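You will see chain A twice below: alongside chain B first, and alongside chain C after that.
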Partner chain A sequence: MAFEASLEMTEGGIAKVTLVGELDGSNAADFRTTVEEAASKNCKRLVLMLGGLDYIASAGIRVLVFARQKMGGGVEIFAISPTPQVNETIEMTGMHYSLRVLPEYDAAVVETF
Partner chain B sequence: MERIDTYPTHSFEGYKLRFGRPSPFGATVVPGGINFSIFSRNATYCVLVLFEKGAKKPFVEIPFRGMFEKVGTREPVWSDFRIGNVWTITVFDIDYESVEYAFRMDGPGGKAQRGAPAYHRFDPTTFLLDPYAKAIGGRDVWGKQPDWSEPYQHRGRIIYDDFDWESSTRPEIPMEDLVIYEMHVRGFTRDPSSGVRHPGTFSAIREKIPYLKSLGVNCVELMPIYEFDEFENSRLNEETGELLMNYWGYSTIGFFAPKAGFAATGKSGDGTMVADELKSLVKELHDNGIEVMLDVVFNHTAEGNEHGSTISFRGIDNSTYYILTPDGYYYNFSGTGNTLNCNNPIVRSMVLDALRYWAAEYHIDGFRFDLAAILGRDQWGAPMANPPLLEALAYDPILGKCKLIAEAWDAGGLYQVGSFPAYGRWAEWNGKYRDGMRKFLKGEPGTVGDIAQRVQGSPDLYLARGTTASINFITCHDGFTLMDLVSYDGKHNEANGENNNDGGNDNDSWNGGAEGPTDNPEIRALRRRQIKNAVTIMMASQGVPMILMGDEFGHSQSGNNNAYCHDTPLSWLDWAQAETNEDLVRFFSNRIAFRHEHPALRRREHPTNRDIVGSGYADISWHGTRAWNADWSPFSRTLAFLLCGKHAVRRGGSDDYIYVAMNTHWEDHEFELPGLPDSRQWRVSANTAMPSPEDCFDPGAEPLAANQSSFLVGARSVVVLVGR
Partner chain C sequence: METLTVPGHLDSLSIIGAYIMDAARNAGLDTRPAYRLRLAVDEIATNVITHGYEEAGKEGSVYLTASSDSAALTIILEDTADPYDPTTRAQPDSLDLPLEERPIGGLGIFLTIRNVDTFAYERRGDRNRYTFVMNLPAS
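Right, the complex of A and B next:
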């Protein structure tokens, strides 16, 4: 299944990246490029919309780690509405310590600094 | 700057490649592709075989020698991608995640018949697993029936070796401060009572870290986690219908790969993710001050004897990897069919490479070597005075802070407890501690002299090596659990399907008056007391204590002392017992906390039995029912010792005085207490004769002993007093 990563910047400095499809070694580089683009715009929050992401391989997990490193400590990273399978992967690889998982987009949390 | 040699020079059937790099061995992700490198001294021909993940048939087979095309001109060119005895090639533009790889090799000797001896066992039709494979597919989900028609059962996978350890550091806990908890990754949480989300996995252990912390252990020793095949020699028990499996896993398939079936992420088929899951566990254990030790099996492999199956080593270089008789039979010092040729320089390097890899990439803190005496045998099987492998491990720079622990015997009759070549590094599972303590606990006469050695860290065995050479244990995975040790006179291994003939007969166990479960309240109370006696003495002994998982809540295997084949509740911990036997858990955790509290119990050097600090007391002194007068006679079943707190020199020179009185007689005895200096008074830390919660008291909250000059130690009970 195809993979797409699209970036949307809000005025408040929130970079919202929507991921759709299956994220593995063949397309992790696209996701990485999107993360780099968000980082270059000095976003204050990185919000990953994961509802449409069906699968994440270790290569995708590595981009999440890369995002954590690239953004630095001051930028909180949110993972919004991951599917149970993706959420499980995030937890079992220990990524849930590096990003904050929310069952759904909650403006009160994500947009409050 | 990028390297200037990361471009293809050759092509084969459209796949671009170049002469690879011989080091490191194995499959390594390099810029633009994957580098493959494999050793064989005797192979004359080698082919790299690439599969789509899970596919029965390869999508390409690339020979290491033959006709290729030059990239660009497509000019035919003869090439031999080999240096010395190493075949190496870099293949470009393949996705490491989606392929599996194997080798095929040919060499001298012709095809060996199954069952027949042979010096070489080359078979060019067999797909061979890379000995350096860092992930192995084929058994991705524990217990899932394999497809036996699959010609390549254990499939080499390629992983990305990176992991973000962030600021996580290795605890590097001094050896004398360790309290080891031996566990089976699956059995620890497989039972639904564990309440974890992914029972039986690495990730599940993470959920139990709060439990481990509250218990107070600071090192987990994981029974084998190298890839093994739970279906090896699996069979149905005809009476019960149970599928008996290779549950323990002392039968390695690959020394560099974690067991995928132990990972919740195993089902993803993504070897990197399996590695990440284990690394993530190690990281979180470390962040909680808990070290991770691996039980490693380098004495043999899963390939068996002449009748076994060729998975890897046999088809790559049989005579290098195994100790063979002159006729080409496998020596069987391991009792499992074959013996890895550990002191062959090639195999020695592989063992070193593997351990360095686990230490460096997985942050593993130490290793316990199964049947380690084999590691000291030469290439013909004879024990060596100065075994190069053991020396190399002891002096290895990367393993420089790792704990090295030997199971200092093998199945070929070599018993080296106390004499294992140590090089100032190696510790041993102290089998004599186990045996002596068991005999003493059940009240055998003639044991107090032996026990005096054991509680001092066995200076009779390890005087030159210090207390930390002694791993003190009373139970381990191999044999009875502690509850069974006090509940059964004999083993009950019928469920293993071998007419109760397997498993050891020298258990030194005692059932207390009835075999197995009983409603007799006196026997039940006695058993609990015996369990408490065992842990009380072990936690008060010099040396490094090791607990078997579940002993702290009375886990029973129904008298089975060899549960290697049971992937059932027989082996799985029943976490409901942690609540029903809460008093035992509390007692264990109290005794562990007591040990952590008192440096006098964790000396690095053996006690000298003399006063070397001018306190007026020897560092350890011996007592009995009369103070300063231990009864060393043959029928004595009472012994007490006093540790002088002023001798805890290395830790600042001050600790409480600690008095331990042990009575394994069936009658109560009044012990006269040695006097204390200054205005110190005796306080009660533990008294196993008392019902919970009066059986133990938190460090710092010990009540004063009512009588400061003597103490009534109940029948088959242990009392611990602190003087401060």
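Right, the complex of A and C next:
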């Protein structure tokens, strides 16, 4: 299945990136471009909507590492609704120490600064 | 299953993934181990294509063969790139460190080894051969 990353900026300075499909070495650069675009808009938070992401390889995990480094320490990164398999890879690679994983979008958490 | 031969390009990764998921389904593997096997094979295929072929300026194919019996599903991946034994590479030992303090290299190989029951490498003639085994639950 193809992969798509789309960016939506909210008025409150939240960059919401929705990932759909299979994220592997053939398309991780697309995700990286989207992260760079979000970073260029000086977002306060990066929210990754993962409910439609069926697969993530290490190439995708590396973009998460890149996002964490690119955004700087003041920008919290959320990973929302990962599938059990994607979440397992996030935990296996230790990414859950750097991202905040939530089972579903919770405005009270994500949009409260 | 019949051997799958695909060009050594990153566009082939989705075909490889579909082949592994088909093999897993045919062997009766559950969703979770099927996903883990697909991830393990995908990581090696990505390494072979990126480092073995593209960065080395070589053209070549990736060959996949799935076979199973009552005990296990075995995937064999072969390529004609230069010899490369990932099992000799150091594993990341710093996954509990914050990202900013952690080296990134070797993540794909780490995921391969962690996600299958057995992973092996051997050089056979002009080919690298990577073997992935997932044990099947006793029925």
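As a convention for this text, the second predicted complex is superposed on the first by the 113 of 113 C-alpha atoms of A that agree within 3 Å, B and C clash if a C-alpha of one lies under 4 Å from a C-alpha of the other, contacts with A are read in each partner's own complex, and residues count from 1 in each chain.
Just so it is clear, a residue touches a chain if its C-beta (ideal position, glycine included) is under 8 Å from a C-beta of that chain, and two chains touch if they have at least 3 such contacts.
Remember, predicted model here, so these are calculated numbers, not experimental data.
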| item | value |
| --- | --- |
| Partner chain(s) touched by A:P84 [first = chain B, second = chain C, both, neither] | second |
| Chain C versus chain B, contacts on chain A by residue | C |
| Partner chain(s) touched by A:V109 [first = chain B, second = chain C, both, neither] | neither |
| Partner chain in contact with A:M92 - chain B first, chain C second, else both or neither | both |
| Touched partner set for A:E22, first chain B, second chain C, both or neither | second |
| Touching both chain B and chain C, residues of chain A | 24-26, 57-59, 61-62, 65, 68-69, 88-89, 92-94, 98 |
| Contact set on chain A toward chain B in their complex | 24-26, 57-59, 61-62, 65, 68-69, 88-89, 91-94, 98 |
| Complex contacts: residues of chain C adjacent to chain A | 10-11, 13-14, 17, 31-32, 35-36, 38-39, 42-43, 46, 49-50, 95-100, 102, 104, 107-108, 110-111, 114-115 |
| Contact footprint of chain A on chain B as seen in their complex | 95-98, 159-160, 162, 164, 198, 203, 263-265, 268, 270, 272-273, 276-277, 279-280, 283-284 |
| Chain C-facing residues of chain A, complex | 1, 22, 24-26, 55, 57-59, 61-62, 65, 68-69, 84-85, 88-89, 92-95, 97-98 |
